[in-house]
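Both complexes shown next keep chain A, but they swap its partner, so chain B is in the first and chain C is in the second.
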Partner chain A sequence: MKKKDRVIFLVVAIIPALALFVTFYLIPIGSLIYTSFFKWESIKIGEFIGFANYIKMFNDPVFWQALRNNISWSIVAIFIHIPMALLVALILNSKPKGWKIFRTIYFLPHVISITAFAVIYISVFNPSFGLLNAVLKVLGMNKYSNTNWLFHSYWAWKVIISTWIFHVGLFAMIFLARMTSIPIELYEAAKIDGASPFKQDLYITIPLLKNIIGVCIILDVTAGLRYFEGLYIMTNGAPYWKTETLALLIYQQLQSINNSYANTVGVTLLVIGLLVVLLFSKLFREKTVVE
Partner chain B sequence: MLKKSKVILCLVLILVFFMTISLIGIAKEIELRFLSLQVGVHTEASWFTETVEKFNAEYEGKIKIVVDGVAGDEACWGKLRTDAAVGSMPDLFILKHDRREFNVLAQSGTVLALNDYIKTDPYFKGILNDSVALAAYTNKEGNVLGIPYTRSHIGIYYNTELFAKAGISNFPTTWDDFFVACEKLKAANIIPISMMTGDGAWCSMLLLSNMIGTTPGGLEWLTTDLADQKFNVPVFVDAVEKLQKVFSEYTTLDAVGSGYGVAANHFLLGNTAMIVNGPWMEGSFSDPKSAPADFESKVAYALSPGDGVIAAEGWAWGIGSKTKEKQDAAIEVVKFLMRQDVYAAYLSVSGGAPCSKVDMSEVRLSRINKDFLPKAVEAKYKYTFLSNVVKPAIIDALCQYLPGIADLSMTPEEFAIKLEETHNAN
Partner chain C sequence: MHYQNRGITIVFSFIKYSILLFFVVVGLFPALWVLISSFKTNQTILASALSLPATLHWENYVLAIQVTGLPRAFLNSIIVSTLSVALNAIIALLAAYVLARFRFRLNVALTIMFSLGILIPINSAVVPIKFIMLKLMLNNSLIGLIILYTALGLPISILILKSFLLNIPVQLEEAARIDGAGYWKIFFAVIFPLSQGGLVTVMILQFIFCWNEFLFATLLINTEAKRTLQIAINFFIGKFSFDYGGLFAAMVISIMPAIIVFILFQKKVISGLTAGAIKE
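Let's turn to the complex of A and B:
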């Protein structure tokens, strides 16, 4: 194929994907940014108000509470969720007895919808008939057995975190898949040198997973930024916005017809997401050695 | 050759003739899109379906209603809002008095102003006799945007069997008696009242509205202009104090965080003795999927303690048609809906009160409503409910801060201050 024909072919081939990208991604994002500078509290967009929405957002205590929650979610994701997934993958990689069954069990939560889980958790944490309070009663912990966990000002956010922190199956499978591609010769050489299985994992497996760990962190943190359904069903941000997140705040503002303010928060969320991707891509990028 | 051409010409002429006839036939029948939430399992769905069928049969060849059914208040509102935003309003729809919805639609410029029809059409001149209802659907520019159809008197449903078990013979008429009754119910191991903080805290908000409306100064507070509204005032704080007592001592453990479904279920299953809700709940009392057999016979409807009742504007019929032809056709539909037989059938199903002239002798009221409505009409205090008079952000804030009221971590004064801050910030 001549070079010119090839270029034409490539351009034509990319047009459908580009059209979809522009229509369903770039234009909405552009519209989001544009409308955040206007007053839009009804059907029609109102006057241009500059940075007024951004000033309102930075002075809004609910925004800061939501941002704090998103940050704490990300910290838990990076320092607890992903390491737990890595630990599970390392254990499964050593192929103990029944490892295939455990692999399936760990992955099961990911085939159940978030909405279904949220409804289950509402029942589990129900103060009257919930499983948790029933267990606490049996254990004689009567001081806590009437607690409304999802709406307690101290426990609410911690309980929300507990609803997803143990769902490590997906990332464990990603790590496990990557581990199978590590050359076995490296482990054999390490074994010959007297390295224990723990040291093999520490000095061979984990460093070679650096890139994929970064990818998983990006996926986990951005999933947390996007998370909405479970929170909306379980608490809708209550009590006193202790379980509020930016995604929930956007929805609540849209429901109150504060469209431009919702879009302002949306732009902020977009910027935070971009920063997360750029930061962790850079931190976990594998350096290629040029000989 | 000439003969062949003549045959072809004749065939073409015949074809054109029949096409013209059929086009004329189609053009005569005007199709109107009617957006409605009275579909599916809605208590008024059967009335709506029968009414549409009746209209289409009577107006066959002239006007046809095509139902665009969207179940659920929020989903239907979302559809209406989207239609308004893209400029393709339904020809007919339910226009609620809800401040959020009415203001948005009023500002959109997509709803037909009905002033000319109301002033000049003798039908409307003869039937519309409620200026308060008309005013409720009039925007700041003086345009009447809806023909009022129904208003609701909202009281307190109570389980007479549970009341009898607790030794209470009559529903309390003062707030002091109300709390005495709650104590008696509690002593009989019966949870007094269903409450909720999710789903806009609907039942709790209605109870708070009763507590405000029956307090001296309450009526004035509930009719204060939005711009002048204050929450950290004695009438509001006193009402919240009563509400706090109910939340902390007289309701279910899962009231905090629960939505309407949980609160309603507690009442329908006999776990609680009272619930504040509107006449639309009545259908659930005899629905085998919702309540035990014979539950309906145990339920009575009472005025609020303090001799008050929530008399809220329900909704109106709005028209979004763009062409004069469709607007006139939509008006015909509205007239049909206000016809004696159709209107009486609606009021029988809904338990609502009319907003225009109708012969109430043809309205088949339920046992519960027959007893309640005359008392509601005679109630000393009549007021609307809280979400009709506050900013939408206040109801969101209510849902956020009510858990603090329930677990006593927040005082009524702190609650009022928080609501006032929310009011000023939005």
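Let's turn to the complex of A and C:
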């Protein structure tokens, strides 16, 4: 009797979560992979065409441009965004006056929607009344102050990167949370040995953060792979696919009812996402704890 | 921190504050500029981007509320977010409890499966999800959005709650069991009240996710009356094509709730978002 109660509770409690997960994760992913081998350009799914969609993708210059942009985004995330967040966290960890106010301000952008930021940045980069050109005029840089930044074939992608690269609050807070859990004795020992604060950061704090740096890199790069609405609203890939990404390409192909091609790019995005997780969790795996 | 030389100390703190201020300016100046500009007339916005408003022009705000259907979108967002937050929390807590406390054959497999749910970019599957929603008659419906958001947020909510529950001593449940309480009684009378801390974290994360979600909302909603705030924002640009004062005012109104929630629950939001991130 008691055993029956247990089984009933267990099944009833897990079923809602399981049903939702199967419906909105497992079935979509399964059907994504399956339909990428079919022709599907209307409501009804067509015939099996093997790897034809993948061959089409590898011959599509827009796909390669999108992939290049995703890679450039990831490189910036790893080598500029995360290090800047780490720098800010190290400074805040030394608890300078007013550090709590800085913490609040840095975190604000992470609760504002990307959609809202997209509209804000459309206005900031507007060629006639935008903030950027107004500032450039004040600085006397008249050569640049009439640029249509978001639709300029050289600047567009750089400008897109600039819309998120200075928002370091979330990762700085993650680093900061880990730093406060480092035992104070380690620093006291170093101080007795005469290590400067700079050396303490370099030889104690940063090595102990190795694992969490890996986590942040995974989060930042996969967030880049997911990033959609900002680009969709600001440029939708213009000019000439200079700001195209895989997430954007999937949505555009869906809109032009190339369902199976959208899914083929989707499978590619999925595989890249999993590879990123595997690679960086391996690279940054914590070895034995340093004493 | 003791520096030998006072001069070096001053130089160091100058560099520190310069770096800190740099990120304040580049990170927040654009949003501040929009806030200030929202009180200017359209002519002054177009004529001089850096000027301050001579007087506060509230008419932009009146216009924003009247023209955009903003109140409706606001209401839709609140309905979708709150219901999805509640649904997500209760479903996730039930599942997390089972995974944290019961030994059965599929336990490890299920945990791994939910963890994978956090890692995969689900936006790769927009086409299948669109068709599933059509099949389930959930396309273009707020109920559909509520269910989808609940599902998409489940993996992270389950993992956060599971690790929270693992830190609650089992003795309390055992005491209740000896007193003759059944499984459901234990769940609602013991586990539910004890998980408040974890639930708050999960609910904040889910609220921010729902409030800011754009891709699936724009994929699934196609009538104006059902637009959530984020899709409405996208249409503001067209509606105010030459009235930037109105556009800026609409932006300020749409950003405010998230900022107010953040200011009120600052500690919980920061610890929630960072904890949520690390769980991934």
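In this section, the second predicted complex is superposed on the first by the 267 of 291 C-alpha atoms of A that agree within 3 Å, B and C clash if a C-alpha of one lies under 4 Å from a C-alpha of the other, contacts with A are read in each partner's own complex, and residues count from 1 in each chain.
As a convention for this text, a contact is a pair of C-beta atoms (placed from the backbone, for glycine too) under 8 Å apart; a residue touches a chain by one contact, two chains touch by 3 or more.
The structure displayed is predicted, hence computed values, not measured ones.
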A:206 touches, of chain B and chain C: first, second, both or neither? neither
Which of chain B and chain C A:151 touches, first, second, both or neither: first
Contacts of A:182 with chain B and chain C, given as first, second, both or neither: neither
Contacts of A:128 with chain B and chain C, given as first, second, both or neither: both
First, second, both or neither for A:238, with chain B first and chain C second: first
Chain touching more of chain A, residue-wise (chain B, chain C): C
Contacts of A:13 with chain B and chain C, given as first, second, both or neither: second
Touching both chain B and chain C, residues of chain A: 128
Of all residues in chain C, those that touch chain A in their complex: 1, 3, 13, 16-17, 19-20, 23-24, 26-31, 33-34, 37, 45-50, 91-92, 94-95, 97-99, 102, 104, 110, 113-114, 117, 119-132, 136, 147-148, 150-152, 154-155, 158, 182-184, 187, 208, 211-212, 214-215, 218-219, 230, 233-234, 236-237, 244, 247-248, 251, 254-255, 258-259, 261-262, 266, 269-271, 273-274, 277-278, 280
In the complex with chain A, residue positions of chain B that touch it: 81, 84-85, 100, 103-105, 107-110, 197-198, 252-254, 256-257, 392-393, 396, 399-401, 403-404, 407, 409, 425-426
Interfacial residue positions of chain A with respect to chain C in the complex: 5-6, 9-10, 13-14, 16-18, 20-21, 23-25, 27-29, 31-32, 35, 84, 87-88, 91-92, 94, 96, 102-117, 119-124, 128-131, 133-135, 138, 166-170, 173-174, 177, 196-197, 212, 215-216, 218-219, 222, 225-226, 228-229, 232-233, 247, 250-251, 254, 259, 262-263, 265-267, 269-270, 273-274, 277
Sites on chain A touched by chain B in the complex: 42-44, 60, 126-128, 146, 148, 150-153, 235-241, 252, 255-258
